[in-house]
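Sharing a structure below in structure tokens format, with a few things to ask.
Letters A, B, C and D mark the chains as written, and numbering starts fresh at 1 in each.
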Amino acid sequence: MSTNNTIDVGVLGYRFMGRAHSNALARLPMFFPDAPKIVRHTLIGRDEESLTEAAEQFGFTNTTTDWKEAIEEVDVIYNLGPNHIHPEPSIAALEADTHVFCEKPMAPTLRQAKEMRETAADSKALAGCAFNYRFVPAIKYAKRLIEDGELGEIHQFRGRYLQDWLVDPDAPWSWRSDAELAGSGALGDLGAHTIDLARFLVGDVERVSGHLRTFVDERPVEGEDENRPVTVDDAYSAQAELEDGVMGTFEASRFATGHKNDHIVEVHGSKGSLKFSLERLNELELLRDDNRGYETVLVTDESDPYIDHWWPPGHIIGWEHTFIHENYEFLTAISEDKEFSPSFEDGYRVQRILDAIQQSNKQHEWIKLDTMK
Amino acid sequence: MSTNNTIDVGVLGYRFMGRAHSNALARLPMFFPDAPKIVRHTLIGRDEESLTEAAEQFGFTNTTTDWKEAIEEVDVIYNLGPNHIHPEPSIAALEADTHVFCEKPMAPTLRQAKEMRETAADSKALAGCAFNYRFVPAIKYAKRLIEDGELGEIHQFRGRYLQDWLVDPDAPWSWRSDAELAGSGALGDLGAHTIDLARFLVGDVERVSGHLRTFVDERPVEGEDENRPVTVDDAYSAQAELEDGVMGTFEASRFATGHKNDHIVEVHGSKGSLKFSLERLNELELLRDDNRGYETVLVTDESDPYIDHWWPPGHIIGWEHTFIHENYEFLTAISEDKEFSPSFEDGYRVQRILDAIQQSNKQHEWIKLDTMK
Amino acid sequence: MSTNNTIDVGVLGYRFMGRAHSNALARLPMFFPDAPKIVRHTLIGRDEESLTEAAEQFGFTNTTTDWKEAIEEVDVIYNLGPNHIHPEPSIAALEADTHVFCEKPMAPTLRQAKEMRETAADSKALAGCAFNYRFVPAIKYAKRLIEDGELGEIHQFRGRYLQDWLVDPDAPWSWRSDAELAGSGALGDLGAHTIDLARFLVGDVERVSGHLRTFVDERPVEGEDENRPVTVDDAYSAQAELEDGVMGTFEASRFATGHKNDHIVEVHGSKGSLKFSLERLNELELLRDDNRGYETVLVTDESDPYIDHWWPPGHIIGWEHTFIHENYEFLTAISEDKEFSPSFEDGYRVQRILDAIQQSNKQHEWIKLDTMK
Amino acid sequence: MSTNNTIDVGVLGYRFMGRAHSNALARLPMFFPDAPKIVRHTLIGRDEESLTEAAEQFGFTNTTTDWKEAIEEVDVIYNLGPNHIHPEPSIAALEADTHVFCEKPMAPTLRQAKEMRETAADSKALAGCAFNYRFVPAIKYAKRLIEDGELGEIHQFRGRYLQDWLVDPDAPWSWRSDAELAGSGALGDLGAHTIDLARFLVGDVERVSGHLRTFVDERPVEGEDENRPVTVDDAYSAQAELEDGVMGTFEASRFATGHKNDHIVEVHGSKGSLKFSLERLNELELLRDDNRGYETVLVTDESDPYIDHWWPPGHIIGWEHTFIHENYEFLTAISEDKEFSPSFEDGYRVQRILDAIQQSNKQHEWIKLDTMK
């Protein structure tokens, strides 16, 4: 472990999420000078050659193919591999009091998520679950407005996350198509974000009814003359009752032709409403103060969350900035020995809802969350 | 009954719907010169004074407070009163072989809707259910595109209808708040439209899971020092499986602050997607032909449905025009002795789905439509 | 002239504008019961057969091919023919103290417009110029907001009107292509509306600089083996200084591929801004009250201009409704012996600006309006 | 000068633009691994204390208050100070064959811009003018479409750039308010971007007519009890004739209440149209291929310009990314000894148009570009 005032970071995974978090770590000093100093210490992966190349590109000093070794050497492990890789290294790290930042959804099964959360509760280390969309300035601003009562009493929450990368039946099979490795499909990958935002903005879920569909049952394995079964959902919908009687509807799809990364969140309260769209993440559609219609707020003013670190009004930020904000908060929490949300507790609670939606789909009935093991 | 070549129309109800249909009848000659000639024969209501005034304004020759009398005298009865007034006069008219055009939802109870449909099946007269949104040019154009396979195989249907006129807890009690008189709340009033469009555009519903909420339990009676219980839903959501495995989600609310008449329909297919919004009813958002994004089509070209009767491209029509198109089709069907959709069969099938959603909400489980009586 | 309490209307022209005004006249009794009673008395045109057919469809009692005769018989002449038909009958009618409602732009030449305005000034009859977009509820609402100071001191006005029906070089020649008959092209046809709204909403124009372009120099004559020269503009732009130093820019085109009837008006003031688009004429984009972004106001509430005559909130009206409102105001002014705006004075002042833009384009320099004859 | 294979960069200016370019330099290695290796060598400024702090934050090894010294030591000078600082160091660097990357607009006066361009023509070094909006993926994609003839023959170009940071009359005086230091106001600062994009996308300007307005004549000096005169424009408009008879209109304002960084570019051609908005820079509104309306293209596919360096479809980039792309191209051009556009020639030609607009405004007449000295 580092003996000076820096935080040594080990990152497991160097594909999509590895790249997003490495970028975040690299950009903190220039834009968040008050962030703790970090060292991109070790990049962890399986293929040595790719790993070495990635480490050079992402600015890591060391590489290893043995995550157990890394746990001993760094202050914090970023667990950014496929879902089925989340539980074991996270648990081992927390048992060694090494901090963990784990991508979502937390685990393929609820049982594993529960174990991760219990280990986190017993560890001296900090355990964060990387729901990055909480750190979009517009979402944080929305949260503030709701807490300040600007929307009044909340009645309804609506979230849907649409992509289309599987609509082609010849799109190849991947670990994301497999229930063992991924847990679920659109539900876990996309729905986890929606449900986390519902919990963050409005409140926890008390009962759910779910509907899952797999439109294409098997897919070709790339480079092989073989099809493998798709054992996860291509799309899901759910309806929910949240705390205080709030109505919720959730939906996601990988078959929504023409939609690339279209995550929408809408909230209706007694005094106002809001709408957010991830593809226009610098904007918040906001209705309040006896206004007659939605106001398109460009959440890029100096007074908006995180924006004083960036550019003048109207000079928009990108998707990747959510990772910088998230890393800033997580690393600051480590450095200052504070709590961090979303935690493994949050990750577990989302997982419980995902699981209940799957159960409900099978049993054709509503599931109450408090009756779940 | 008229002995010449005109159709004598009797209209029951002279409020909102009475006005919309009377306007439609009045405008046909100028814009649809090939429509059958009609006579605004008799306006039917309960309050003689208001009735006389309305008849003069709407151009009716006669008035009566006895709908039974009217049935004898006219060729077709428009049944535009509150929901609980739909069954009895409709049935009596059809038994007398007087044509009936009935507003939606067809009846407060499924049992009544079934009786109406059976009477219609046995009658020589035509029985239409006035789901006017089928007659929006953009919807008819969407239907054509789907039928022509432009969207490919359909995977998902999404419909939601948002209003906000009940969000104020002091908004007065009305017949629409009462289960006996209205059958249901947002579900029947708004959801009926959504479900009709799902059936029209995509296919019938095979099973549903529903969720109803009443946010405000009682409301003041206007002019009286009394509250009455609200026994219908303020908002509903439903998820559905449609024919051929299409996933559907439906939702409506009278508590969606800032939304006035916001009916949205979205369809995703393997080759394209579309979006429609009632508040911008001249437009269709359309993705097809390997386009990369939604194209905002202004459905006001001469080649678009009904538009050759109206104005040059870009000169938009209004909500009321849907009634003119609907009346044109219905009256032409009478005149030419043809079938008309949406029929009482359609109205009944929608009612069955509404009923299943209510049942599902009570029983906390999915309802299969083919198991319903 | 009518001896009872009705207004007898004679309409010259039965194409596009004839249809729009006839519809307006027909709809007044049902929706504006306090409007003066009118009689669709005489339809005036050149071709007897078409005229008879149109009179029947539009509900006129008489027809004539001699407008002079009509002037004697009716209370008001609607002058809805091509631009070059505007001056003579309007002047004759006003000299006979017959009211005149004349379509825009008022005349092909400024000289003629001046004569029309002078005749109007000397006549006992009312002379209105039919700039119908003043009667869009959203525009009237905008006017009210500006007058109430909601936008503060006005700094900038921007208007542009885009169509595309001439982008095809084979689109046929018509009277609209000819300077003698039409006066100008996009400038007079579309720009007249923009400039009228600038004057209505913000203030008069003091100096202008114009730019006209004809992209296609000659066009085929329909049914003939001949091309005729296009002697008007296909597109124009202008920059202007309005009263109180307001900056203005105007633009119109018949070559804006994909735009059908896209008239946009934007105003910036020290305290707020607004945007209006004719293709979404039920909406006003409004920024005020220290809001951070534009609010999309659906101008369909009962309290909005004219809306109490129509439908509940969110049930949108169409383009044709502007004619109903305009006719209501004009006929009421006749009936109550009041002034009416836009008047021939307004029509003349717009014409002066159109003329100055043309002059400026020729002379390559700014033109001051007060130096014009 | 660097003797190894890296490019040593000296940056003059560490405020807004200094930050944007330093970030770009820092991010190249991770996302553009094929970019030449660069060293953030020297940060140049006037205030030693701020300079040292900025150098640390931005990752520069050295600082100096003497730009002449820096010119000797680095391979390329980034000239990012206020406009009046652009000419002298740029000329000195180019005379020393040190590459120069200069912010826009190139100089306060046309005379200076001309001298810069001539020096560049005589220098062995590369001289780039930093019009970063050419490097927005959507703009580069638009350029490609136009070049490929997808829009047909171009008829019209429209650009406007709206901000509102000066609408408050108490907003303080700055160098940007002064004609000596800034050259012009909204015209040079914002209009330079618009005009560069017009030249880039459509073609050069042949004649212009301009209109400038200063709404607030003097402004308070911060920290002093004094007002200073505003000698530049708060807003400008211009109309132009471009090559091949294309019509153009340009406009910018710092008084457009509610608009933060709203740069819009629109092009109409005989076969299609496009619209771009900087506040939604990941999108391009595109009409082509006989489509009926604009298609909202999210320009974030792997095949889109630069996007293979970033994230999966729908994961949007920000404003700052334009600088990364621009730096990548400029530094690659240096490294590979190639040409770079926009060059000082481009910067000069834009300046000539800015100057002509100012002249036109004074003389109240059109200015032909080829008659300018």
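FYI, a contact is a pair of C-beta atoms (placed from the backbone, for glycine too) under 8 Å apart; a residue touches a chain by one contact, two chains touch by 3 or more.
Listed by chain with UniProt protein names: A, B, C, D = Gfo/Idh/MocA family oxidoreductase.
Bear in mind the structure is a predicted one, so any value in this text is a computation, not a measurement.
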item: Most widely separated chain from subunit A, with each centre as the mean of CA atoms; value: C
item: Pair exhibiting more inter-chain C-beta contacts, A-C or C-D; value: C-D
item: Computed distance of Cα centres, subunit C from subunit A, in Å; value: 55
item: Separation of subunit A from subunit D, taking each centre as the mean of its C-alpha atoms, in whole Å; value: 37
item: Cα-centroid distance, subunit C relative to subunit D, in whole angstrom; value: 42
item: Sites on subunit B at which at least two other chains make contact; value: 259, 287, 291-294, 298
item: In the complex with subunit C, residue positions of subunit A that touch it; value: 283, 286-287, 289, 291-298, 301
item: Subunit C - residues contacting subunit B, complex; value: 16, 20, 22-23, 26-27, 29-31, 33, 57-59, 163, 165, 259-262, 278-282, 298, 300, 310-321
item: Of all residues in subunit A, those that touch subunit B in their complex; value: 151-152, 155-156, 158, 160, 162, 167, 209, 211, 213, 215, 235, 237-239, 241, 245, 247, 249, 251, 253, 255-259, 268-273, 287, 291-294, 364-366
